[in-house]
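Have a look at these structures, which come just after this line.
What follows is a pair of complexes built around chain A, which joins chain B in one and chain C in the other.
On to the complex of A and B.
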C-alpha cells in the first residue's frame, strides 16, 4: 500500500465538514506553521521538500516562492489556480469537492508564508457546485478563528475569496487567470514582467495549483526533509493522478512516484487493467497537451528501462521517445481507439479554446483542426501529414503563452509515433470509416541494440 | 547609476548604444533599414500594444554581458527590452526567417486578399509584409472565415474579414477617446472587432483607428471607393484646430481633397493624432494652409506618381557627357530591323560577332 498524504482521510465520513476534519488532525499543520515557524522558515521547508508544481510545468515551488518581489508598502497576493480545464485532468476537483479544508489549510499556510492578506481561489465556471463547498469551508474556518483578523494571535490577517471563471481553458494560464480575476478579458499577458513582480493589480503575486497548495499541509506536518524522502530523485512527495479512458477503475489515485507505468495501469490497486481483455495501444500520461505515447514506448524507455510514474522517467527520451508528467491526467487508449480521431478531437478543443490574441495559435489551431477533420472523414491527402507537421512546428514556441505549445505537441506526437495510422486513413478512406486501424505494431517490443561496449557499461 | 544609462546592443552585427529600457525593436529602428523587424501590432504611441502578431520575432543569441546565455525561444522584439551586451539576430537568423514566413502565412490564412477593391491597398502593412517576408501561394485549402457585418456609423467602415487582430484600435479608443464602445468579442479564430450592441463609433478622436489599422479592416467611410491612394497627391497641411494639433496630410487629386489623414512617419506611425472634425469635415482646400508635398518613401507605390520634385528630364547626352555633344549619333531604325513590326524577329540572325565586321 502506497503512502497517502493528501487523500489519506478522503474516505472518512463527513471529512468535508470542519468538525470531522479537525477531529482527524486537521489544522494542526496550520497551528504549527503560524506558531512555530516564520514565513521564511516555511519557504525554507518547502525548498527542502523539493516539491515541484503540480499544475503541469513541474517548476520547483519553493524556488517560485522565493522569486516574489517584496517592495515596501505594496500588498502581495496568493492566487490558487483551480481552473482545472485540461482534458483528462480532474484531480483538483476531487480534492476540492471532498477535502475542501485541506486546501483551505494549505492556502492559509501559504498566505502566511507569502504575506498575502487577500488570497483568491480562481475556480473554473464549469465546477458550478464547488464554490459553494469552498465557501462553506471558508465560513467554517473563519468561525473557528483560522481566517480573518489576527489569526491565532499572530497578528496575521487573511481572507480567502472564491472567484468563479466563465469557463475558459486559457484562464488556467497564470497571466490570463490574473487578467480574468481583475475582471478583464482572459488574454495572457506578455512576460516579462512575471506575476512574481507584477501580478494581480500590478502587485507581486504567486499563482499555484490546488494540489500544490494542499501539499503544504503534509510538508509542514512532516517537515520538508521527511517529505523529500518520499518519491525518487527530483520527483519528491506524492502526486495525484486522475486516470481515465479504457481502464477498469477510472478515478483519482495518489501515487508516490516510485511505481512503474505498467504497475499503475494493470495493478488492481490502481487502474485495474484494461476492460474486456483488450490490449493497450497508447496513453497520454499527463493531460491532453503532453505528447501521446504508443504502448511500447510507454512501458519501456528506448534504453530498455522500465518507465516509472515520475517527472524524470516519463520525460526520458525527450519529445522524440518520451512524454511529460504534466498535470497528471492519465488517459489510456486501448486497441479499438483511433488515433486520428483522437488527435482531431484534441485539435478541435484547442481551436475552441485559443484566445485569439497571437496569430500562430489563432490561425494555426483552426487550420490543423480542418486538416485533421479531412483526414478523419476520408478526404485527406498524403501531403496533409507533412503540412500538419509544418504547421505545428511553426506554432510551437512562437506564441505568447504555452497554449500554442499545448496545441502543437499532441499533433506532433501523434504524427511522430502513429504516422502509419494517418497514412492508412488517407490510402483507405472508405475502410477507415468502417473500422479502426487497430493495434498494429504499436505494442511490439522495441529492439534495443546490445554491443560489447554497452554491456560493459 | 546615471539616469541616461546606455546599453550596448548588437543587432545583425551592427552595434548601437541605446538608453536602458529601450525595446529591441526600437533599437533596431534606430539602426534602420532591413535590420528593423516588421511590426503589425506594435505601435510606439500606444501603451501596452505589441507582442501579439509575432512578426517581429527575433533570436537573442546572447542575453547580456552578465548572463551570456541565449534565450531559448524567439522573442517578440517589440516587448523585449535590451540588456547591456545583448546580441540579437534578425535577418541573419534562419530560425527567424522561417518563423516569420510562418507568421505571414498564418496572417494571410483567412485574409480575403481583396486588395483590388480594398481602400487600404497601396498603404497596407500586410501587403508590404507579405511582399517582403511571405511566400507565394498558400497551402490553405478551406473556406476563409466570414463574419456578420457590423455598421460602425457614418465615419468608419469595418471589414472584419480583413482584420488581423492587432488590438491597436482597442488601445487607441482606450487611450485617446473618452469612452471605448468597441472591443474584441468572442475568442480564438472567431474573435472579432465589434461593438457590443450595434452602435456607431463617433467619439471625438476615434477616427484615428483608421490610421492605426495596419490593414483595411477599418477604413474611412467618407473616402470609401472614391479613389486609389496612389492616384492621389499627399500634401502636408495644417489648420488652427482647437482640439488637436491640426497637422494633417491631405490627399488631393487636382484641387479636390479626397481624404484627410494624420501624418505618418517612416514606420507608418501617426506623428500627431487628429480629431474627427479635421479628418471627416474639412474637405476643402481652403480649410487648410498647404505646406507642400509630403515625402513618401520611394519604395511605396504612392510615390510612383512622381509628384515630388517633378522636373522635366534633362538632355541625357549632355548630362552624361559633361555638357559635350555626341560625336556620332545613330538612328536605331536605320541600323536594325528589330523595331519594325513587319519583320519576323526569329528570322533575324543572332548577335553580331567580330568576324562579321572583319569580313567587310
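On to the complex of A and C.
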C-alpha cells in the first residue's frame, strides 16, 4: 500500500467540514508551527524536506522561500497558484474540492513562515464552484481562531482571499498571475526583478502551487528530515498524479516516487491497465507541455533500466529519449490514437493560450497549428515536417515566459519519436482520413504487457 | 444600469480584499459579477459601469475583458454548452459529442439557437481530463458525457427554461 500524506483522509465522510477535519487531526501541524517553531525554523524544515514545487517546474520550494526580500515596513504576500490549466492536470482541483482545509492549513503555516498577512488563492475561473468550498473552509477556520487577528496568541494576523481568474492558461505563470491579480491582462513580466523582490503591487511575493502548499502540513507534522526519507534521491515525499486518457481507472493518485511507470499504468492500485485489451502506444507523463514518449522509451530508459515515476528517472535521457515529471498530468494513449491529431489539438491549445506578447510564440503557435491541421486533414507536404521542426526551434528559448517552450516541446517530441507517422499521413492522405497509423515499431522490441484485468473490461 | 444594493455590498466586500489604492485588483471579480447580473455578457455599457465602480478608465476594462476567454463580448444563449476539445478529451471522444450537439440543436460551435436558449462553444482544457468527455454548463461541469447524457442535459435545460417562463 502506498504512503499517503495528502489524500490519506480524502475518503473520510464529511472531511470537507472543519469539524471532521479537526477530529481527524487537522490543524495540529498549524498549532505546532505557530507555537513551537519560528518562521525561520519552518523554512529550515521545508529545506530539509527536499520539497520541489509541484506546479511543474520542480524548483526547490525552501530555496524559493529563502529568496523573499524583507525590506522594513513593506508588506509581503503569499499567493497560492490554483490556476491549474495544463492539459492532463486536475490534481489541485481534487485537493481543493475534497480537502479544502488541508490547503487552508498549509496556507496559514506558509503565510506565517513568509510573513504574509494577506494571502490570495488565485483559482482558474472555470472552477467556478470551488471558491464557495474554499470560502466556507476559510470561514470555519476563522471561526475556530486559525485565521484573523492574533492567531493562537502569537500576534500573527492573517486573512485568506479567493480570487477567480477568467479563462487564461497563461495566468498559471507566476508573473502573469500577479498581473491578473492586479486586474490586468495576463501578460508575463520580464524577470528580473523576480516576484520575491517585486511581486504583486511591487511587494515581495511568493507564488506556490496548491499541492506544494498543502504539503506543508505533512512536512511540519513529521519534520523535514522524515519527509525527505520518503521517495528517492531528489524526488522526496509524495506526488499527486492525475491520470487520464486510455486507462481503466482515470483519476488522481498519490504516489511515493519509487514506483515504476509500468506499475503505475498496469497495476490495479493505480490506472488499472488499458481498456479493451489494447496496447500502449505513447504517454505524456507530466502534462501536455512535456515531451511525449513512445511506449518503449516510456517503460524503460535507453540503458534498458526500468523507468520510475520520479523527477530524475522520467527525465533520464534528456529530451532525446526522456521526458519530465512536470505537473504530474499523466496522459496515456493506446494503439488506436493518432499522434498527429493529438499533437494538433495541443498546438491549437497553445495558440489559443499564447498571450501574444512575444512574436515567436504569438506567430509560431499559429503556424504550428495551421501546419498540423493541414497534415491531419490530408493537405500536408513532406517539407512541412521540417518546417514544423524549424518553427518550434525558433520559439523555444526566445520568449519572456515558458509558454513558448511549452508549446514547442510537444511538437518537437512528436516529430522526434513519431516522424514516420507524420510521413505516413502525408504520403497516404486518404487512408489517413479513414484509419490510424497504429503502433508501428514504437512498442518494440520490449514486451508491452496486456493485463488480465484490462482484457476483461 | 446599476447593481442592486445586495450586489453593491458584494462589490465593497471585494474591493476591501486589496490594499488601499489597489482597487483595480477587483476588476476580474467585478466583471464576473457584472456578467452574471446583466444578461450573461459584457456590453460596452456594462464595462463602462464597472470602470466607474473602480474609478479606472473604460479602456482598462476593455483590454482585460477582451483578454480572458470567460467574458462574453456578445450575447450568448441562456444555456452555454462549453465542450472541451483538447487532447485528453479528444482521446475520449469529444468530437462525437460536439457533432451530436450540433445535430441535436442545429448549431455549430460559436452559434446560438434562434430561440436564444443554447449556445455551443468549444473550449480548451478545463481540467477534467480524467472525467472526459466533458462540458461546462454555467457554474458546474458535466462529465463522462455520452449521447444519452447530452439528451438528458438538453431536456433538463428546456424543462428549466419552460418552468421560468
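Going forward, the second predicted complex is superposed on the first by the 445 of 457 C-alpha atoms of A that agree within 3 Å, B and C clash if a C-alpha of one lies under 4 Å from a C-alpha of the other, contacts with A are read in each partner's own complex, and residues count from 1 in each chain.
Rule of thumb we're sticking to: a contact is a pair of C-beta atoms (placed from the backbone, for glycine too) under 8 Å apart; a residue touches a chain by one contact, two chains touch by 3 or more.
Computed from a prediction, not measured in an experiment: that's the story for all the values here.
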item: Chain B versus chain C as contact partner of A:75, first or second or both or neither; value: second
item: First (chain B), second (chain C), both or neither touched by A:362; value: first
item: Partner touching more residues of chain A, whether chain B or chain C; value: C
item: Partner chain in contact with A:85 - chain B first, chain C second, else both or neither; value: second
item: First, second, both or neither for A:329, with chain B first and chain C second; value: second
item: First (chain B), second (chain C), both or neither touched by A:168; value: both
item: Which superposed partner A:288 touches (first chain B, second chain C, both, neither); value: second
item: Partner chain in contact with A:266 - chain B first, chain C second, else both or neither; value: neither
item: Touched partner set for A:352, first chain B, second chain C, both or neither; value: both
item: First (chain B), second (chain C), both or neither touched by A:183; value: second
item: Common ground on chain A, meaning residues reached by chain C in one complex and by chain B in the other; value: 168, 185, 352-353, 355
item: List of chain A residues in touch with chain B within their complex; value: 168, 170, 185, 190, 351-360, 362-367, 370, 387, 394, 397-400
item: Touch list for chain C against partner chain A, complex; value: 17-19, 22, 24-29, 31-32, 54, 60, 63-64, 67-71, 85-88, 90-92, 123-132, 136, 138-140
item: Contacting residues of chain A [partner chain C, same complex]; value: 75, 84-90, 93, 118, 120, 124-129, 161, 163-169, 180-186, 201, 242-246, 250-252, 284, 288, 329, 331, 333, 337, 341-342, 345-346, 348-349, 352-353, 355
item: Contact set on chain B toward chain A in their complex; value: 50-55, 57, 73-74, 76, 79, 98-99, 102-103, 105-107, 109-110, 139-140, 142, 164-165, 167, 183-184, 186-191
